[in-house]
Every structure is written in C-alpha cells, then in structure tokens.
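Look at the two complexes coming up: chain A is in both, with chain B in one and chain C in the other.
Moving on, here comes the complex of A and B:
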C-alpha cells in the first residue's frame, strides 16, 4: 500500500469537508439563506460564528449556501469540459486528417481571446443563469482540456501496444476505450483538480464582478461583492469567502500535486 | 538578418493579423449571432414589440450579419466604434482616455514585476532545492491558487484601511502630478505584481533550469570556462528567447488581470468600463472593449513569438 503524504492528507480532508458542507448545506446551516437575523455587520459571536452580513443575515449560513453554489457550478463545468475535451481530443487523434486539423485550429482560435474577456462578451447578451454559466465556463475550458488530452493521446497512439491492437484487427471503439483512454487517464485526472480550481476562481470572479450568480442565489464571489463596502470601515466580512476560496484552492492543489507525483512515479518519471 | 529569418518573421506577422481578424469575427458573432435577440437583451423581458422593432432598426439589426460585421470592422479600424446605447456618448473618445489609464497602470506593474520575477527566478535556480527556492515556490503556489480579488482586498484591508498608508480607492485625474498619480496607483500596482509574479517567476525558473541542464553547458564547464563565461556566452543567449517569451505572455496575462483589479480599486480604466457595460448590456461598448483587449493580447503573443524567432541562435545558421 502507498502511504499518503501529510500534505495530501490535509488537502483531502479539507476538500472533503467543503464538499460535505456543499451537499448537506440545508442541514448544517444554522439559519435560512435569506433570513435576516440581526443588525448589519455584527461582529463574531456565539449566535453568529462569523458575524452578520451587509443586511443582517448570518454570514456562516450565507457561506455554507455559497459553498453549495460555487462547488456545484465548478464541478458541473469541470465535468462538462472534461467529457467534451477528452472525447474531442480522442476523436481528433484516432480519426486524424482534417478532423484533427479543423478541431485543433478552432481551439487555437478560441484561445487567442482571453477567457475572461470572452465570457464577458457572451454574458453581455445572455442572461447569467446557473445553466448558462456552467455551459459557458465548461465550453471555454474545453479548449484547455482538449489541448492536454490531445498531447497525451498523440503520444499513446504511437505506442507499440496500440499498434499491436491495430494489427490484430481491433476496431476503433476498442482502440479508444481499451487502449488509449485507460493510459491517458492518470495525467488527465491530475489535471482535473487544477481545472476544478480554475472553475472555482472563474465563477467567483464573475460573481464578484456582478455578472455571475445573482440574488436570491449566492456564491462566494457574490458574498465578497455584497460585503466589500464594509472593508473600508474595517469590517472584515468580505474576507471570509476570500479565505474560503483560497483554502479550497490550496487543498485541491495539494491533492492534485500528490496525484501528479504518483502518476509520474508510476510511469518511472523523474518526480518520484 | 538572413532572408529566411525575415521570412519567418513575416509569416508570424501574417498569422497575427489573421488571428486578429478571426478574433474580431468571434467577438462580433458572440454578441450578434448567439441565440437570444440583442434588442430584447438590451430592453429586457418587459419591452413592447414596437420598442424592440425600433431598437432593431436603430442598431441596424435588420441588415444581414455579414454587412453589419464589415461596417463595424471598417469603423473600428478607423477608431470609430459608434455610440454607446446607454448614454449616446462616442465610444472611441471614451476608450482613448480609459485605455491610456489602463496602460499607465499596466506599465508600472510591468516595470516592477518583470525585473523582480527574473531576479527571484535566478535566486530560485541558484539555491535550487534549498530553503530560498522552497520558500519562493511555496509562496508562488499560494498566490496562484487565490483569485485576484482576494489578493486585492487583503491588501486593501490591511495596507489601506488598517495601516492607512495609501488610499483604498485609486482616483486619477489630469490635474495630478506624476508623484500623486503614482501614490494613487500604488496598491493596484502591488496587487497586479503579485498576480503575475508567481507565473512569471515559475516560468523563468523552469526556463533557466532547462538551459542549465543542457549538454552544451556541461561541455563548456568541462572545458574549463569560468562560471561567468559559461553563463554569458552559453546559457544567456539560449535563455533570452524563452525568458522574453515568458515576459510577453505574462504581460498578456496582466492585461486580463487588470480587469478585476480595476474593479476592486474603482480605477477609471478599460476593465472597469467593460464590466460596467456588460452589466448594462451595452453591446457596442462591449464589442469595442472586447476587441481592444483581444488585440492587445494577440499583439503581445505575436511580439513574444517574433522576438523568440529573432533571438534564437539556432535559427541564425540554416542547415
């Protein structure tokens, strides 16, 4: 059995904690999501562990529901970009020729425009519902997954065992699902964590700019936006979601680093 | 410069122009061809059909998309971006002022972050795998994992509000002297520096390590050259292109990071302008600002590649 290093263990525990909060939000949150329970920006107390927000709602409750939205959107968008990016990349590699050419050049083109700018342009005409945010973020990030998956799959596609499978007459379906995909999976899984963090940062940034999640829903970026005026008077409420985003991002990073090192050592890489 | 090099540069330049054109198509398509009616989006769900029809007429939406695109692009090339829907102001002159503010901010951020990143990268390589390297790596990993606005507000809270060293909001106007302006943008510059420093430093470190491990460096060391000669004659010429590349890519990154930082510090620049008008669904402004951001990004990437071609010693001697 492989021993899990301490850093990865901490990362796993914290990440699991945040996901549990997200899933069981209505059960663990002490108050209702929109319930006004006190004065504006009350300090931390026994009743309100993190104090209250800009209109007197319990900040801890807001944070827990915010975790739910942030993590749900980020997970769904990551899932979309991964499925789509990997499928397109495998199709490009196996089919080759003009399919590969057309897909790759199209991805290059999309990537010439910075992701945030592209998202802003699209959000100027589309309403920012949760579904549209997921699809938009997922599609924009598909380009990055595609590039990575294609690079990995191109390497595997010329391996002897893939050649052997072709020579013994296996169909394309077998080649993709049984030969290429299982071998491409481990570097992709390591990347999964990084993409997830990127999604968390992305949706938080959009909400912070006021172009993502809008009331009555909330997410961490929106909580920063709601409470940012308090900072000038020395009220740190806006820093709570900021700290949460940073903690989640660093934890997932720790796990991703460990997975990356593990796959590198499995393949006899230098990072072992 | 040998002719084949000139040819390579011209090729890359042509590609850049092509990409610019293609990105303008994408931005136009993104706002005009997507499902959902632009006029409807501008006026909201409650608008009467007559109002929508009027606005469609006014925006020229009844023309075919291709001719609308061409007239938009020709106007943009001459600096004419039309007028804003929300207040009827001329977009071109509004942008000129804000673009110069943004470039002012980005220039100072670049001036601080580029030398600092290269210096830190060199230190990390020099003390590789010892504590300075590990410390720099840990801090840079932490800053990469944190969104720009978090870094921004942490600085604002502790430096501007608690310590009161600098103002928390970055005003800028023509009557200010350079010193006053610099004091006003100190905090956003620090935040932007933080945002790009980590990326730039990590890439510098990887690039120099990559060069230092090359066989020709070992050969140079083995034939008894001094440390200085190894670095200046062999390592540096090969590292210049990748480092310039890193710097350019990060300047491109800075251009995007500026959007969020401007919103945090209420700085009157392009980013703030773009975000405001996305919220107001002012599509002509969004198109114009989006096109300018994309162009700067593409131009910086192109410059990086061209410098890479020119500075690469291997390309100087054709086989």
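Moving on, here comes the complex of A and C:
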C-alpha cells in the first residue's frame, strides 16, 4: 500500500469533492439552476445552505452548476495547452534550427499581447460559446507551457544519454517520448496544477466581465458579477465563489506538490 | 601570550561528524560520515590527507575551521588549534579564527573567485576585514607572495580580473589569498585536481615553496598519493570516515602496513603488454580536419591514425588539445571538414545521419560521466536491453537472458535488472555503460575519459574489466585520456595530441621511450611519480614550459 502524506490526502479529497460536484451537478443540486425559490438575498438557512442570490435563486445550486462549467472549461483548456505546448516545445528542441526559431519567435510575439486584452478582442467578435472559450484560453496558455517545456527540454537534449540515443540511430519518436519527455515531466506536472488554477481565474474573470459564460448557464465568475451589488449592503453572496476558487487552488496544488515529489525521485518512485 | 609553545598547532581528538540526508521521496535521516578520527599537526609541518571520495577528507579539513558544508554537523570530539578548543568558541572567536589563523584553498579556484572584482581586492580582503594591516601593507604582502608563487608580473598581477588569468595561475592566486593574512594553518583541498598534469606540476612546486618559506602549517587534501608524497611530511590514509594508516611520507610510500594503503601505492603499476597490429585496420583516419561552426580555425588538424582489430589506440593530451573533438568526428556528431574515415575497409560517411544502422552498431561510445550517459528514468534492463532490441530485434525472454549475460560479464549480476541508475555507485554506472556498448556487438568502442571521474581503485577495476572484455569480445578501443598511467595500463598504440595536431604516434613501446619530442617529454615527466623528491628532479630537468603559462 502506497503511503500518502496528510497534505496530499486533504488535497486529493477536496479536489475529488469539487470534481464530483461538477460531474454530478444535476443529481446533487437541491434545486433547478434557474428556479426562483425564495426572496432576494435570503441569509443562510436550513432550506438554503448558502442563502439565495440577487433574484432569489438558491446560491448553493448556482455554485454547484457554476463549478460544473468552471471546472470543465478550465480542465479542457489546461489539457489543450499542455498537449499542444509540450509537443510544440519538444518538436522545436529536437528538430532545432529554423523550426525552433520560427516557433519560439512566434510564441514571443503572442506573449507580448496582454492575454486579457487579446481574449476580450477575440470574444467580442466571435460568438460566445464554451468551445470557443476553451480553444481561446488553451491557445493563449500554450505559449507559457511552450516556454517552460522548451527550457526544460533544451537542458535534457544536451545530456549524454540523448546523444547516446542519437549515436545508436534512434528516431525522433524514441528520443522525444522515451528519453526527453519522462525527464521533463516533473516540472511540467508542478506547472499543471498552477496553470489549472490560472485557468479557473481566467474564465471567472471573463465571465465577470460578461464575455464568458452567458445565462442561463452560469459559472463562478458570473455569480460574483450577479451578486456584487450585495456587498455594499453587507450581503456575502459574492464571496462564495471566491472561497470556492481559493479552496480549489490550494487543494489542487497540494496534490501537484505530492505528485512532483514522487516523480522527482529517480528510483522509480520506490522508497529505498 | 599563552603557553602556545607546549601546544601542537592542530590537535583533533575523537572527531565525529554527522550529516542529514534528504533523498527525494524519503524521510530525512542522520548518518555519521566521520567516525572518531584523531590527528595532530605540529607548526610548520604539512599533513597529507588521502582517500577516495566519501572518505571524509574535505569534511575533516573544514572542521579545523569549525565549519561544515550544508547539513554537516560536528557531533563529537574536540578540535584544538594552538591549544584552544574551537568547538567551544563563540561566533566572534570563530570569526577571528577563520580567514586569519586558519585559511582555506579550494579545489576550483574559478568557482571561488568573484568574477567582477579584481584579484588584488579579493586577496587583501581578509587582511583588511580582520584589521591586520593597512591596505598598502597588505598589497605589499600580496605582491611578495605573487613573486614567491612564480606568478607573471607580480607588481601588476593583482590588477587583473579572474577570467584574465589561466586556471593554474588562479589556483596560485588563491594560495596567495590564503597566505596573505599570515595564518598558522592553511587547508589545501585538492588544489591541483582540476588542473592538467603539466600545470599541476607548477602549482605544486609553488605551493611547496611558499609553505617552506612562510613556515606555515598545512593540511593537504587529495586523492592522489603521488601528489601528496611531494609536499607533505606526514600522511594519513582515510577510508569511509576512519583512519586506515598514519605515518611519515617515506613510510607510507615505501613501506605501507595496511592492505588498503598498499593498493593505493601500487595503483599505477598495472601494465598491459602490447598487442601487435595485424590484419586490415578497423578504423583509419586520413588527414582528417574538423572545426566547430563559427570558428575560423581547425580544432583537429590533419590527423591520420589507424586502429587494428583487438587493439587499443590511446589518444593523449591536455584539455583543449582536440582529443574529444576527434571522437566527435569519428562518431559523426561533428562531420569532418576534410579527409577520409575508413571503417572496416569502407569509406564512412562523415555525418551521423548518412551512416547506416550497421555502421552505427559497429561503432559504440562510452562517456566520461556515466551519471548523465544513462537516462535516469530507465531501468538497467531497459538501458542495456535497448541496443539488443534496436539492432537485433530481440524481445522478451531472449532479450532478458542476453541482458543478464552482459550483466555477468561486467561482474554485476541479475540483481541489477530492475534498478535505476541513481541506485548505483560511480563504478557500477560506468560498468553498465560498458555493457550497453557491448550489447551492440561493436567492432570499435570509443572510450572518452571513462575513468577520469572515478576513484583510483575503482578506475583500476574498470581498466581491468575493459582489458578482459577485449580478449573475450575481440573489440578495439579508442581510448581518450589525459592520464599517462591509464595509457600505460591499457594502450597498444598511442597518439599524443597537442593543439589539434598529432605530435607523436606509434606503438606504445616506441612512443613511451626516448628520444622524446619536447611536448611528449613534458607530458610524461609531469605525471607524478610515487616517490619522494620527484618534484624537484622534474622541475630542474624540464625542457619546455607548461601550456598553462
């Protein structure tokens, strides 16, 4: 039996809880997503654990459905950016020469444009759909993943074992998948947790600005937006998404830390 | 003044040193690295500490400054410097001790100097910070030391920056730094290990001279018994944090009592009999020249050599002589600019990409740093098994059986199959690299400094293994090294390289016997002999200055 440290256990439990809520939202949510069930901004009670929102919908229900969209978009975008960023970076390093030059300079160019402005411009001309959001966020983040993966891979590429594989006559596939990638994985996994959280924040920001998720769908950013006026009257409804994001961020990174520790061991994760 | 007359300079009793190990994915645990060592040193004497890596020599050396590198703690025993127990000293007493009464010369001077400050500023720094004398006096002292240490233009030498002087000069500048505050004790921690043999000799001679003239006490740490024999009065042999033997230099060299010491003394005595050249050469280089992109001169110039079946050609030279580049040219990593390479009678394409799988298989390579020559994420089975799978299409049980066979040949055995490189010692790693090369059933293996990173006894084992395997597998070696003792042990043919040229080439017996050209003479004479007085003899009879000056 593998020994999991307490911090990782907490992280795993909380993360799993959030993901489970997201997946089974229609089953666990006490009310319907758009159902008006009470007064405006009712305080917490037995019927409404988190109270109600600005038009009297159950806040817990909104949060659960919000988690569904937020987590789905963030996961999909992270997956896209990591797959694309890592493959491009490894290709650039192994092929070298003009491929590397062209890719790297192009990425530099994209990175000079502030992400949020770029996203705002694109979203204001494109129809707002979840797919477009995912692709846009994924592509924008690909640049960052590319930079990290390339930096890591460049170091590995000059190792004698990679040279030994070249001298053996190995093809690019083997060199990338068997020699470089396994050694580049640790820092990438650590980055994965961090980038996932940035994605959550990013999609929330866009929704808060009214460019991400549109009604009747909702996400955490949209919930903040709907309830922000309440803050003036001392109504804490807008803080619920903030707490959710913070909790998710911490727990995901606790898991990432643990995975990083395990993958950093050069004894195949085996404790001597 | 205290009654310092009755005290030894250094008196260490029952010294125990421990450290905490933080392995990734494991709980930190405490280990003991020095297990109760006693040591005394009188004023003006030099004590040599010798042993393999991990013997605790540097740790003991640094403990005389009441200092331990990251995570190291002195856990027991007493250390008296001039009769004062420094382990009981307060921080301010220690500040007074370090850099004033006891100073330290490290292995890598290049990494120890601040690259953005002039040498003089760094050399007088400790005099000034301890308030020993005025800046003017300190500089005068430094210049006197530059003279003693044989540095060029002593008056202005200190105005240079660290990158403007050679490695050997920098090491001497560091010695000047250590001697400048006129300490009672200097710790020399492998001061010549990173230098070429021909440079080492100058540094060694100047350190010895400076010690004699200033009358300072010194602890000289090294893994090379022949080097320490030249400078020290007494020698202490250490192994795994314990003292093995202690005696006068004469006694240790000429009359060692312990088996371990005897092994160290006889280390350079293996000599392999020459195999004559027969048959068609395996590899033949004709007028090969090569340069790196962006350079306007050749790094390898017009080289012609041959390697015959079951023979070893040793390529010898100092760093920068082009010997590793020559290996890169042969492997095709750096395509030759000019000349032809013939392999098994066929012309070998110059670039790696143009060579056939068969040609790649027959020419294998073993690297200097076995640590980075193996993928840390692959098991030994994968590492050795891959060439079998790649070249011969072996799979499953057949492949595993062959891997086990190879593991037996390198004297490791089946238990290593599932291990990762991080779980192996330096010598074991190099053995696995040898097995990986052999797995391809090559005709020629290029060995690039394969023993340089290893402890002498381990290196000796690797050389013997290579010789054995040569007999079994009938393979030829191209052996690149800077170490003449290694060449004597393994070579049949020798090519001496100097600044990209082969200056001397032929059978071992011919190359190593007079008459010598000047460079070969310098190179051969610079290899420390395991006898007293060797240093003086060489310095007085040399024909050519070392390349480092």
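Throughout what follows, the second predicted complex is superposed on the first by the 251 of 272 C-alpha atoms of A that agree within 3 Å, B and C clash if a C-alpha of one lies under 4 Å from a C-alpha of the other, contacts with A are read in each partner's own complex, and residues count from 1 in each chain.
Here is the rule we use: a residue touches a chain if its C-beta (ideal position, glycine included) is under 8 Å from a C-beta of that chain, and two chains touch if they have at least 3 such contacts.
As the structure is a computational prediction, the values presented were derived from the model and not from experiment.
S.K.: Where does A:40 make contact in the superposed view: on chain B (first), on chain C (second), on both, or on neither?
M.R.: In the superposed model, A:40 contacts neither chain B nor chain C.
S.K.: Return first, second, both or neither, reflecting whether A:183 touches chain B, chain C, both chains, or no partner chain.
M.R.: In the superposed model, A:183 contacts chain C only, not chain B.
S.K.: Touching A:262, do we find chain B (first), chain C (second), both, or neither?
M.R.: second
S.K.: Among the partners chain B and chain C, which is in contact with a greater number of residues of chain A?
M.R.: It is B that touches the greater number of chain A residues.
S.K.: After lining up the shared chain so the two structures overlap, which partner does A:166 touch, if you call chain B first and chain C second: first, second, both or neither?
M.R.: After superposing on A, A:166 lies in contact with chain C but is clear of chain B.
S.K.: For A:110, decide between first (touching chain B), second (touching chain C), both and neither.
M.R.: Only chain B; A:110 stays clear of chain C.
S.K.: Using the superposition described at the top, list the residues of chain A that contact chain B and also contact chain C.
M.R.: In the superposed arrangement, which is not itself an observed complex, chain A uses no residue for both chain B and chain C.
S.K.: Hey, which residues of chain A end up touching chain C in the complex?
M.R.: The contact residues of chain A facing chain C are 159-161, 163-164, 166-170, 178-179, 182-183, 261-262, 264-269, 271-272.
S.K.: Applying the document's contact rule, which stretches of chain C touch chain A when the two form their complex?
M.R.: 23-26, 331, 333, 352, 355, 357, 360-361, 364-365, 367, 369, 372-379, 386-387, 390, 420-423, 436, 440
S.K.: Given the complex with chain B, which residues does chain A contribute to the contact?
M.R.: Chain A reaches chain B through residues 109-110, 112-118, 120-127, 197, 201, 204-205, 208-211, 221, 224, 228, 231-234, 236, 238-239, 242-243, 245-246, 249-250, 253.
S.K.: Looking at the complex, which residues from chain B come into contact with chain A?
M.R.: Per the touch definition, chain B meets chain A at residues 19, 22-23, 26-27, 30-31, 34, 36, 38, 41, 141-142, 145-150, 153-154, 156-157, 161-162, 168, 252, 255-256, 259-260, 263, 274-275, 277-279, 281-283, 286-287, 290, 293-294, 297-298, 301.
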